[in-house]
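Each chain gets a letter, A, B, C and D, in the order it is written, and its residues are counted from 1.
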Amino acid sequence: MTNIKDYPAIVISNKHIDDNIFLIELLLPGFDGKAEPGQFIMIKIDETYDPFLRRPYSIFECKKEKVKILIKTVGKGSKMIAEKKRKEEMDILGPLGNGFPVDKNNYPILVAGGMGIAPLWFLGRRLTKLRNKFSIIFGEKTTTPLAEEIKKTFGAKVFFVTDDGSRGIKLTASAALPLILDKSPYRKFSIYACGPKGMLKDVINFGSGRNIPVYVSLEEKMACGIGVCLGCSVKRRGTDGFLTVCRDGPVFKGEEVMI
Amino acid sequence: MTNIKDYPAIVISNKHIDDNIFLIELLLPGFDGKAEPGQFIMIKIDETYDPFLRRPYSIFECKKEKVKILIKTVGKGSKMIAEKKRKEEMDILGPLGNGFPVDKNNYPILVAGGMGIAPLWFLGRRLTKLRNKFSIIFGEKTTTPLAEEIKKTFGAKVFFVTDDGSRGIKLTASAALPLILDKSPYRKFSIYACGPKGMLKDVINFGSGRNIPVYVSLEEKMACGIGVCLGCSVKRRGTDGFLTVCRDGPVFKGEEVMI
Amino acid sequence: MNIDLTTKIGELRFKNPVLTASGTFGYGLIMEEFSDVSLLGGIITKSITLKPKVGNPAPRIVETACGMLNSIGLENRGIDNFLEDILPGIRRFKTNIIASIAGKDEDEYGLLAERLDRQVSAIEVNISCPNVKEGGMSFGQDISSTKRVIKKVRMKTALPVIVKLTPNVTSIEDIAKVSEDNGADAVSLVNTYKGLSIDISSRKPELGSFTGGLSGPAIKPLALYSIWKVAKNIDIPVIGCGGIMNFNDAIEFFMAGASLIEIGSATFREPNAALKILKGIKHFLKTKKIKAIKEIVGTVNEN
Amino acid sequence: MNIDLTTKIGELRFKNPVLTASGTFGYGLIMEEFSDVSLLGGIITKSITLKPKVGNPAPRIVETACGMLNSIGLENRGIDNFLEDILPGIRRFKTNIIASIAGKDEDEYGLLAERLDRQVSAIEVNISCPNVKEGGMSFGQDISSTKRVIKKVRMKTALPVIVKLTPNVTSIEDIAKVSEDNGADAVSLVNTYKGLSIDISSRKPELGSFTGGLSGPAIKPLALYSIWKVAKNIDIPVIGCGGIMNFNDAIEFFMAGASLIEIGSATFREPNAALKILKGIKHFLKTKKIKAIKEIVGTVNEN
């Protein structure tokens, strides 16, 4: 956590992927590009106090001085971010939290539900760079242009599922897991998951049933993003205590947390 | 006051006149263009609640569906307005308040201190259109590109004064009044003034000394702009009561108000 | 689907629960130029005093983060002017006219109520103005003075009596209870929160009368909390007010326990705020297939 | 020009008047990764309880207009953990460490004070937390319980005692006075304002523990007013807190009567907020040719 800084970032580009999904590339002057897949940033949208808090976003891609985020507009803050044009400014605090650990000897399976793709995209790119083999399960309610982008970048590695069968198999992402595993030539797996809570629960259960390590990336409302407000707590499994998503996470081992 | 409406306006252009002065042209769909010099509009900057209140601006020019404002950046709200680019939106409530009455038989002298030119520019253009003769005294601390714009439009009608002598005579606007009047071929005058409080006081005193009707346009902090909050009060001369700048004004007869 | 927006305070019927807050809507006459005030559930007048009141020195308003401080100081032309010059002009509005009254002592409140009896639809007793030296908020901060004022007003009029409470107290629910116990037909809350703003270059307060009252979205979570507390503690209707800017805010107030709402500073940003909010409420109920506004009052889930 | 930023509470010297508010800065250890905490006038720890406390269920924060509600519920690992595991690691900071304490009853406050005696620079007695069922704000809303808690703490420690007040009262100046009279060396204010926010689609409160406390710029005018009221009423130093976002806000607080200030939620928007504000204060004093921070305390012009 020692390279965390608050960067006065500049929008390089803002690509409209779908109705409510935008891919924004940012220039962070002086950023050394060192970040792990699963880490996130906190965005201060502008100088006014409405919205008051920063907004957390996973790092989608990142190389020296450049960071991309994939954002879905769901409320006031995300809409304001999505409206930012080339050359406009936003303050970016990061990189924050802990990323996905890569278990050397295990075959990685990435399970993304909808926007859950954001941190896993970065992981996929990292694994590709490390020449690691891996698979992605990408699930959506109904297919969107986002799936097209994923196909373009990750090709045959991706197994598409949709609730309505509009792309790939009509199945949930977690239900697709046994299909993939059982057909796989590999024996040892690690599962990396990000998506809706229901999906994460299913994936954790699946992993613990088969003794496969599961890493989940969680979301909670955040104020500070660095661990000082204790606002983003998630229940620690087996105790009555809490962990902070921003500092102890956002990536947790499946057995660590109650979700 | 019956044509007041809240228009979803669009920025047509935003011209940077000087360091902190901007001339913004707005499209008000459906506006019939009927407004009097001296009337103003209230701008809702955006949908967030910071800033909370609308900001009042004099109408600088106006014709069917189009309104211009001249704005000086002095704080948060004016800066946000000055940053608006072509095609961006702002809600415009107006036209509001009472304009300058034109006394048919009197020769009009317009006295503007700095940004006080905004409503008087509109009056000057109206008088020109009506083929009325008139003079303008334009005073500034030190000359700015604004003076150049005024010269371009009103030419020889303008008498320039500055505190430091950088343009025209080194004099205050109110002190220039006797010079103009005494040289004038006309006998009956009306004075129209807008500018800093000190200047307005001097002009009112001058007028009452010579029995010349003076009309001043006042500024006060405003919340509603329409007369319902009683926030923009100014002391009514000769009573212990108040008048509202937004509805009883912003143009008052000099003898009506205590400033 | 026909949605029932009606509600009652005592025997007084409201066609819908959206009122405009005292001091933010004049007497409806100016607003009539922009909007059809007869569509509202009711309008509450600027507070009326016995004698004309000139109000406080300028500046009277200053913006703050997501809100504003005001220190108007109850400027108004007094009860005679209201009855003779204003009321005849607004009687034609097809909505409830609620007269807000403010006195220096309980006798003045009583006199005002007496003069207004049978003249308007209801009376809102302002014991919560933070911007006057005599009376005002200090009545509403004290159980026994609240009691005295309400008793006096109650004696002098058969009209529905609404008591407007100040949130600048330790337990607003106690003041509400005393109001109920002494004959109030409803309580309205909140009036503004005492606040201050200083111009650091002149070292002077930004308001001519030093302090002011905070209103606007900034206070919404505080107002909502007070409404919830009060509604649990009394059986008469609660009128919710404080930072309501849109229909979402309005629904929150109903769910917290308000039977009616007052729209205040929102009108300054949007002259048509109250009517827009009314429309939004209808739309929400329709979408959620809720047949009557009463069905959502006080329904916030407490577990 | 050399500017004197020092100030004192009792015998305790502060090199500058900028502190960080309890619960918004952890124990300084995480913040150290971003900024030089030793430059601060002092840091106030997250409130410490006798036994570890797990805090309230999620969600614990929700944004509101120009502010936020929180209901952390005093999550902390208790006094033993603080003394054994945390304090040794932060003693090296070259600034005052102020331990905030919260008890369920006056005895717990006493025990906490006893354990902390001689261990830290000062104690802030939190009798104003709105987010716990037992104790918390209810102490600070009542004159006699305030008195009891302070007396107990005073008996158990020779450290400077700061009493942190709740604004959810009718007269905060009275609670401040009682604090002074019973041995407090300073008062700090304000803690958060009780608030509520409702999710209208689920009809549930947005916070896991129903209500929360409002902080941020939204409350600034209210906090400033309270500081002004309190500072006029007592002679011990007042520590001002509530919505301070920038140096301008800070100067307003000093002018209203605060001798020191606490930076709270601002840190969430800007991890370096406190140091930026300190810099801004210095710059302001320099520009205005004011030699010492003390010269502006309580200088708001009241006529």
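Some observations on this one:
Please note the rule applied: a residue touches a chain if its C-beta (ideal position, glycine included) is under 8 Å from a C-beta of that chain, and two chains touch if they have at least 3 such contacts.
Keep in mind that this is a model prediction, so the values were computed, not measured.
The chains in contact with subunit B and with subunit D alike are A, C. Most remote chain with respect to subunit D, judged by CA-atom centres, is B. Computed centre separation for the pair subunit B/subunit C is 36 angstrom, with centres defined by C-alpha atoms. Centroids of subunit A and subunit C (each the mean of its C-alpha atoms) stand 47 Å apart. The distance from the centre of subunit C to the centre of subunit D, with each centre set as the mean of the Cα atoms, comes to 34 Å.
Each chain gets one centre point, the mean of its Cα atoms, and the points for subunit A and subunit B are 54 Å apart. Multi-chain contact residues, meaning those touching two or more other chains, occur in subunit C at positions 64-67, 216-218. Residues of subunit A in contact with at least two other chains: 49-51.
Chain contact topology: the protein chains form a complete graph, every chain touching every other one. Within the complex, the subunit C residues that touch subunit D are 64-67, 69, 141, 168-170, 193-198, 200, 202-205, 210-212, 214, 216-222, 224-225, 228, 243, 248, 251-252, 255-256, 284, 299-302.
Subunit D meets subunit A in the complex at residues 23-26, 30-31, 33-34, 46, 52, 54-55, 58-68, 70, 72, 75, 216-218, 245, 265, 267-272.
Per the touch definition, subunit B reaches subunit A in the complex via residues 48-51, 76.
Only residues 1-2, 4-6, 44, 49-54, 93, 220-235, 240-242, 247 of subunit B touch subunit C when the two sit together in their complex.
Across the complex, subunit D is touched by residues 49-50 of subunit B.
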